[in-house]
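In order of appearance the chains are A, B, C and D, and numbering begins at 1 in each one.
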Amino acid sequence: MAHLELDDHGNILVAALTGELTLANATEVRTELERLFGRKGVSDVVLDLGAVSFMDSSGLGTLVAASTKARSMGRRLLLYRPTPEAVHTMETAQLTGFFPILDDEEDLLALLPD
Amino acid sequence: MHSYEFTTTAQRETYRPFVRGVAATMAAYLASPTLVHPLELVTAEACANVVRHAYPEGQTGPLRVRLRVTPRVGVEISVTDWGRGCAACPLPPGGLAGPELPDVPEGATSGRGLRIIACLCDAVTGETGPDGNTLHLQLAIPEEQWRTSNLTITETSLSRR
Amino acid sequence: MHSYEFTTTAQRETYRPFVRGVAATMAAYLASPTLVHPLELVTAEACANVVRHAYPEGQTGPLRVRLRVTPRVGVEISVTDWGRGCAACPLPPGGLAGPELPDVPEGATSGRGLRIIACLCDAVTGETGPDGNTLHLQLAIPEEQWRTSNLTITETSLSRR
Amino acid sequence: MAHLELDDHGNILVAALTGELTLANATEVRTELERLFGRKGVSDVVLDLGAVSFMDSSGLGTLVAASTKARSMGRRLLLYRPTPEAVHTMETAQLTGFFPILDDEEDLLALLPD
């Protein structure tokens, strides 16, 4: 796990997930996301899903739970470049619009204060 | 028709290797790997339900998938458990269809599995009895999406560039 | 230990989709797809033998693979048929080991399946009886070749380039 | 299937196989190879295995049979760029040395008369 350096103005954290996000590891991912939100100074967590090859409704449920908890603390969970399959899963699960989605690096950099 | 049967013990640890096996058998029939995703997803959702809901907390039991492939037509995926039965989720008599399912509340952290299944399958029926509780998923697959042959010989003559 | 069972009807048409299913379940445990090849090959050879030799010409019968995965240790692949039995190929009492097999004549068009199996497996034993004819293949897999987790979170801070 | 033009001095035919070469299609491949060797003027068939993702001993057996038949007619079956997996399968089947193997384009062009 890479060491984290939050930069001065940045209270945005980018976390990349690789592999799968399913029932098999949903609890593990949720714990990890809550740990990230618990970091001092973190306002937004950007979850990079670019390398997530498979996601099921249990995986999605974990993201919903983490996002709801973050919102209740005035923070945000954003999803970064989900694969077409992941987008499709979210659509069939009627979850489009629930998460802020960043499609590319431009969207990501737009989050930064000037 | 080609028939395959897969069984394991329903556990979080066996769920993904098991579903990947079923998906790979289906993938062997298809022209492109991208077509496999919806087939894998519906299988995964039905198997995840067995792992999470079929057997009493802390216990486990068998999970079986029967796969029937009718080349150039479609597949039927039947997922069976021998647990408490789907009394909690009786399927409508005519089977499961997307629009008949209640909407999932926005912030709900669960309850999307059957919706995904209903949305991606052409027909879903269920059955409960001494032979287990089975969800039958049927998916038609357009003819051009089947792998026609896993061999192509292309000939070229050899000459200096 | 995680157990999986796969069954189908032994046919040329079902052979590859079936073996791909077994291989994908094993692949789910491994760090790299390249490690899957020997596992898939030995499974394929044992299943091809059932398709080609177990049942009388023009007939078919069941083909079953039982897979037992002991994470961080190895796999045992047991291939069973209910055909004529391996009378034609009695395994040495201590199982099958490469050097004990006769060499395959250079131009032979068959007879290499058991050799490949013996060469790639750590132990091969066979058994014939009312419960079928089974070839048990055991393969140890070094600890570093197992997938440790299918999740890695890497953190980076966001800043303008 | 691409149309074949044998060039003037060339009586070498390159045939590319894609997919798998196993029990499932061994008979089909053998028929096809015999058809190629039956072409007028063909002396060598170079079988491009670069896109063959899986090969078993039945597939290999088919190549041995086709090669033996070709030899009996004074012709050759050569294998072009087999994958590392295919080479490994040939090694464990004790078939190294049986087929002439062309590793790359250089080997292939060396077949041509000057």
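FYI, a contact is a pair of C-beta atoms (placed from the backbone, for glycine too) under 8 Å apart; a residue touches a chain by one contact, two chains touch by 3 or more.
All of these numbers come straight from a predicted model, not from anything done at the bench.
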Chains touching both subunit B and subunit C: A, D
Inter-centroid spacing, subunit D versus subunit A (mean Cα positions, whole Å): 50
Centre distance in Å when subunit A and subunit C are each reduced to the mean of their C-alpha atoms: 39
Length of the line joining the C-alpha centres of subunit A and subunit B, rounded to whole Å: 27
For subunit D, residues contacting two or more additional chains: 20, 24
Where subunit B touches two or more other chains, by residue: 13, 16, 150
Chain-level touch network, classified as line, ring, star, complete or other: other
All touching chain pairs, where touch follows the definition stated at the start: A-B, A-C, B-C, B-D, C-D
Partner subunit C, residues of subunit D touching it in the complex: 20, 22-24, 54, 56-58, 60-62, 64-65, 68, 85, 88-89, 92-95, 98
Contact set on subunit A toward subunit C in their complex: 1-7, 10, 12-21, 24-25, 28-29, 32, 36, 46, 108-109, 111-112
Parts of subunit C lying in touch with subunit A, wherever the complex brings them together: 149-160
List of subunit B residues in touch with subunit A within their complex: 12-13, 15-16, 37-38, 40-41, 44-45, 48, 51-52, 103-104, 106-110, 112-113, 115-116, 119-120
Residue ranges of subunit B in contact with subunit C within the complex: 2-9, 11, 13-14, 16-18, 20-29, 69, 150
